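Here chain A shows up in two complexes: once beside chain B, once beside chain C.
Take a look at the complex of A and B:
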C-alpha cells in the first residue's frame, strides 16, 4: 500500500509543478485543468470486463508508475529535430514541438492571417483565443474506453496546435504539426484542434516521432470540427520508437454537406491505442476513415472506431488495413451506429489483416448497430496470409520470394497510401514503411 | 407508416392454451439448497449428482449477470419468482396408451396427423419437466441406439453419461449454464453406436405449461465413430402474463468421422426468456451442424458453438431469427478451432419487424500453431419498419499458419422496387412483403428438413401480416 501512496503523491506533485509553471495562464484554464486532474484520479483504470478493452493488453496502463509528468526535458539538439520535420513539399505553416515545448514555428502567410485564419500553438491560443478554446477545446465526447486518459491529457496538455479557418476560405497547401518525444520516460500530450467554418477547405498533416530509443508516453487528442459544406483532410503519421506507449484519441464532427477525411499511418510504439469517432451529424455529410499499420516483434496496435450517423442522407467509409510481422498483435474494433431517423445512410467498414508470421495475432471486432431501416450498411473483415498463388506468380517471373512478399505488402498498403493527397508525404511514408519492413 | 397498434400480434393460436395443472411434484418458488435436495429426492438421484448440483448452485450464485455486454433486460428476471421443478409423474411413459390424455390433446392442438404420430421415429414429448412420452422406434433400438430422457439416461447408462456430462459445457461456463447444472431435469440423451446411421430424425417436442415455470433441459448427444444422427426440437408454449425462464444446456459429442445435425425451431411465447447454452465437440473428420431458427420468446440469447478438436473437423451454424415487437433475438455462433485444417461456416439471417431487435454475436478463434484453418461468416439483416433495429458484434482472433477468415455482414431493407413489381402483378403489399422476406431466407430454409421449412414459411407469413400498410 505504501508504494501506491507514493505513486499517488508523485503524480500530484508533478501536477502541482505543472500548474505552478502556468503562472500567466487565465484562471479558467487552471480551473479546467484542476477539474480534469480530479476526474483522472477518480476514474478507474480499464477493467477486464470492459468491452472497449476486449483482447487488449492492460498490464502497462498504470502510467503513473512508469512515466514522469513534470515536464523536464533533456532535449539537446533542437535544430536536428527541426530539420527532420519536413514531410511535405509545400506548407501553409508548421509547428515543431519536442517534449511539449516549442522548437520552431512557421506562421501562416500574412494573406491568410488577414482573412482571419488562426494557426497557433495551444499555449498561445490560451492567451489570445480563450473564447474559441472555451467553445471547442475537448468538447467532443470521449466514449471508446480511454476516458481516463483523455482526462490525463487535459490535465497535463501544454501544447499542440489550433487551426481555425473562417467561412469560405479555401487553402491548398497543408498545415503541418510535428510532435517529438525525446526525454527518457517523459510524457507528451500533443493536441490538435481544427475548426473549419462554413464552406472552408483545409489540409493538415500531423506527425508523432521519437528522438532516440528511450521509452516514453504519448497521450494525444485530435478533434476536427467541420461546419456546413466544409472540407477537412487530415493525415496522421505515427512513427514513435518501439519502446513508446501511445494513446491517440481522435474525434470529428461533420456538419451538413461537409467532408472529413482522416488517414492514419501507424508504424511505431510498443503498445498503441487509438480511438477514432466519426460523428456524421449533418445531412449530406461524408466521412472517410482510413488507416494502415505495419507491426513487428513485440508490438500491439489496438484500434477502436465508431461511426455514428445521426442525420439522414449521410455516408461514411472506413478502411483499416494491418500487416503483421513476427510476434505482434493488432486489434480492430469498429462499430457503425445508425440512429433512429438517420434514413438513407450508407455506411461501410472494412478491416483487412495480412498475417506475415504464424506468431502474429489479429483480432477483429467489426460491429453494427442499426436503428433505421432505409440504410445500406455493411462490414467485412478478413484475415489471411499471402496467398501462395500470388507468390508463385512472382516467383515464376524471377522475383525472389522475399522481394515478392515485400511487394505484396506494399501493394496491400497502397489502397490507403494512394489516398494521401500530398505526393511528397505519401512518398515519405512509403520510405518509412520500407525502412521498417526491411528492419 | 405502420403504428404499433396495427402490428398483428404474433399468432400463437397453436400454442395459446394451457391445461389444469396437476403436478405431483412441485419444488415451489425460489432456489436454495433445499430446492436441490427436493429435486434429488424426488428423482432418486445418486449423491454425486446431488453434489454436482449443489456445486453448480454456488457457481450460479457467485456469477454476475453478463449485463456488461448483454442487454439490461436480463435484470428483469426475478429468480425468486420462478419454480424450478415440476413433474407430473416421475416415470417416462413407454407406450402410447400410457400417455396422459392431456398430452395427447397437445399433439392434437399442434396439428400432428394421426399417422405421423406413429411414423415419427421415437417421439420424445416433454410435458413440463419430465419426459411424458418416450418411445424409441424399434428399428432404431435394434441398432443399439439409445434415445431416452436424460433423467432416465443418467440412471440407466451412468458410465456413458458421466464420461461426457458437463465436459463440453462446464458448469462455470456462464451464469445460466450453472443454473441449469443446478436444477436440470428433462431433455434427451442419445447415444449412437459406431457406424450406425440413424435413418429417421429423432424428434422431441417441448412444452411449458405452468405459469412461472422454467424449463431446464439437459440434452446430451453422443455420436460414436462414423455414425450419423439428426435431432430436431421444436417448441411452442402457452401464453402467460408473467415472464418465464427457459435455460437449457445442450452438449454434443461427435467422435471421429461422426455427423450430427441438430435442428431447433424455437417459437416460445413472447414472455419467455430463452437463455440457452449449446456447444459441440467435433473430433477428427467429424461434422457438426447446428440449424437454429428463432421466432418466438421475449429475449433469446443463444450462441451455438463447435469446438473443432480433431483434424479436418467441420462446424456449421445456420441461423434464422425473426424479431417482432417486444422481442430481442440475440443469437450467433462460436467457432473454436483447436486442430489443423478445421473449417467452419456461419450463415446468419435476421429479420426485424416493427420494434423488434435482432443481434448477431459471433466468436471465431484460431490460436497459435494451427495450420490451414478456414472460417467463413456471413450475416445478413433485413429491416422491415423504420423503428426496427439490428446489431452485429463479431469477435475474430486469428494466429497461426495458412489460416483464413472472412466475415461479412450487411444490412438492408426490402427493396421498394421488388414490392412494386409484385404489386403490379396483383399481389397485395403484405403478400409481396411476405414473399420477399421468404426469398431472403430461402437459401437457408432449403437446408431444413421439409416439414420444418414448410412450418417456417407459414410462421414467417403470419409474422409479416400487418407489418406493412
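Take a look at the complex of A and C:
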C-alpha cells in the first residue's frame, strides 16, 4: 500500500499545485475540477475485459507513472512555434498553445465580434463566459471507454478554445487552434468547444503537434454543438512525434437539419486512442465522420466510433482509412446505433485498411444496433494489400516500385483528403503525409 | 545493329505451360506491324512477357530494343528504355489523377535532381488530350476509375503520346470500343506514327486494321507466327476465318 500511495500522492500533489495556480478562477470552476479529479481517482483503468478496449495495448495507460502534471514548461522558442502554426491560407482567428500556455492569439475581426462571435481561450472563457461553459463544457457523454481520461482532462485542463457563433452568422475563413507539446514527459490537455447556433456556419481547424522528439502525453477533448440548420466543418490534424501517448475524445451533437463534418488526419503518436461519437439528434441532420491514418514503426492507432441516430430522417456517413507500414497496428471499432423512433435513417460506416507490410496488423470491429424498422444502414470493412497488377501497371509506365507504392498510398488517402475544403490545409496535410511516408 | 524491336527464338511459360514457342519477329523502327490470331494463341502473353510481367517466365530466347536486350531489365526500366505497352485491361488507380500519374512517369525519366517543368508539361498534356478528344476535366480524374471502355483506351494512347516510346505494343486496343471510339483511338495512334516509332498492334479482328493500316500482318497460332504478309493478309484472314490458319499450322507441323 505504501508504494501505491506514493504514486497517488505525486498526482495529488500536481493537482493541488494546479488548483493553487488558478487563484483567480471562479469557485464553480475550482469545484468542477475537484470533482473531476476525484472521479478520475475513483475510476479504474481500462480492464482486459472491457469491450471498448478489445485488442488495445493497455500497458501504457497508467499515465501517472510516466508524466508530470505540474504544468512546468521548458518551452524556449515561442516564435518558432508561432511560425510553424500556419496550416491555412486564410483564417478568421487563431490560437497557438504550447504546454497548455498561450503562445499567440489572433482575435476574430471586429465585425464578427460585433455580431456576437466569441473566439477565445478556455482560460479567458472561464473569466468571461462562465455561463456558456456551465451549459456546454464537457456536457456531451463520454461513453466509448475513456471516461477516466475525460475526467483527467477536466481536472487539469487550462486551455484550448471556445468558439461561439450566434444565430445566422456564416463565416467562410476557418478558425485555427494549434496545440503543441514541448516539455519532456509533460502533459497537455487541448480542449475545443464549438457552439454553432441556429443557421450559423463555421469552420475550424485544429492541429496537435510536437516541439521536439521527447515523450509527452496529450489528453484532448473536442465537443461540437450544431443548432438547428447549423453547419460545422471541423478538421483535426494530429502530427505528434512518435514518442507521444495521445487520447482524443470527440463528440458532436447535430440538431435539426444541421450538418456536421469531422475530418481527422492522424500521423503521430506512439500510441493514440481516439473516440468519436456522432450524435444525430435532430430530424434532417447529417453527420460526416472521416479519418485517415498513416502508421509506421511500432505505432498503435486505436479508434472507436459511435453513430447514434435518435431522430427520424437523419443521415450519417463514416469513412476511416488506414495505411500501415512496418510493425504498426490499427484498431477500428465502430457502431451504428439507431433508436426506435429514428425511422428513415441512412447510416453508413466504412473502414478500409491498406497493409504495406506483412508485419502490420489492422483490426476491424464494425457493428450495427438497430431498433427502428425502416432504415438503410450498412457497414463494410476491408483489409487488403496493394494489388500486384496495380503495381505492374505503374511499373510498365516506368514509375519505380517505391514511387508506385507511394502514389497508390497517397491515392488511397485522397478519398478523405479531397473532402478537406481548405486547399492550403489539404496540401499541407499531403506534405506531412509525404514527409512521413518517405521517413 | 539496325534500329528495331527484335524478338528471337522466344519461349515463354506460364507456370509449367509453354505459351510462346520459338517466336521470331522483327519490327523496324518506323513500321507498324499487326499480329492477328484466335483467342488463346498467346498474343497477350507475348505482350506482357515483353513488358516483364512476373507471371510470365521467359525460358529462352531474347528480345532486343535497338540491339539492347530487355530481359535483364526490370519492368520499369524496360518502360524507361523506350518500350510501351497499351494494356488490354488498364488498371484503375483510385485517388491518383491522370495528370499526377503521367507526371510521375515523366519524372522517372528525368536525371536525378531534375524537376519537371510543370507549365510546359500541362501545355503538352492538354494538346495531346485535345488530339485524342479527351475532355480536359479528365486530368483531375483518377486513372481509369469509372471510365468507359473507350475512355480507358484513349487514356492509354494519351500515356503513350506523353511518354514518347521508341516501340509500342498495343494489346487489343480495339476491344470494347464502338466505331466512334475506335476511330478516335486509331487517329491518335496514326498521329504518333513516324520514323521514330515502331509499333506492334495486337488484335483479334481485322476491323482495327482498316484504321491503323499496318506495314505487315502476322498471323499467330499456338504460340508462334504461322503466316506473314502485307495488309491484305488481314482481309484474307477475315474472309477465310481462323480455321484456315489452323489448317496451315497443322500442315506445317
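Note that in this section the second predicted complex is superposed on the first by the 438 of 439 C-alpha atoms of A that agree within 3 Å, B and C clash if a C-alpha of one lies under 4 Å from a C-alpha of the other, contacts with A are read in each partner's own complex, and residues count from 1 in each chain.
The rule is simple: a contact is a pair of C-beta atoms (placed from the backbone, for glycine too) under 8 Å apart; a residue touches a chain by one contact, two chains touch by 3 or more.
For clarity, every value in this text was computed on a predicted model and none was experimentally measured.
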item	value
Combined model on chain A: chain C and chain B, fit or clash	fit
First (chain B), second (chain C), both or neither touched by A:412	second
Which of chain B and chain C A:28 touches, first, second, both or neither	neither
Touching partner for A:369 - first (chain B), second (chain C), both, neither	first
Touched partner set for A:13, first chain B, second chain C, both or neither	neither
Which superposed partner A:401 touches (first chain B, second chain C, both, neither)	second
Contacts of A:377 with chain B and chain C, given as first, second, both or neither	first
A:393 touches, of chain B and chain C: first, second, both or neither?	second
First (chain B), second (chain C), both or neither touched by A:359	first
Dominant toucher of chain A (residue count), chain B or chain C	B
After fitting on chain A: smallest Cα gap, chain B-chain C, Å	16
Chain B and chain C footprints on chain A, overlapping residues	none
Residues of chain C defined as touching chain A within the complex	51-54, 74-80, 85, 87, 90-91, 93-96, 100-102, 104-105, 108-109, 142, 159, 163
Of chain B, residues touching chain A in the complex	68-69, 352, 368-369, 381, 383-413
Residues on chain A engaged by chain B in the complex (per definition of touch)	49-51, 54-55, 340-341, 343, 353, 355, 358-385
Residues of chain A defined as touching chain C within the complex	387-390, 392-401, 403-404, 407-408, 410-415, 418
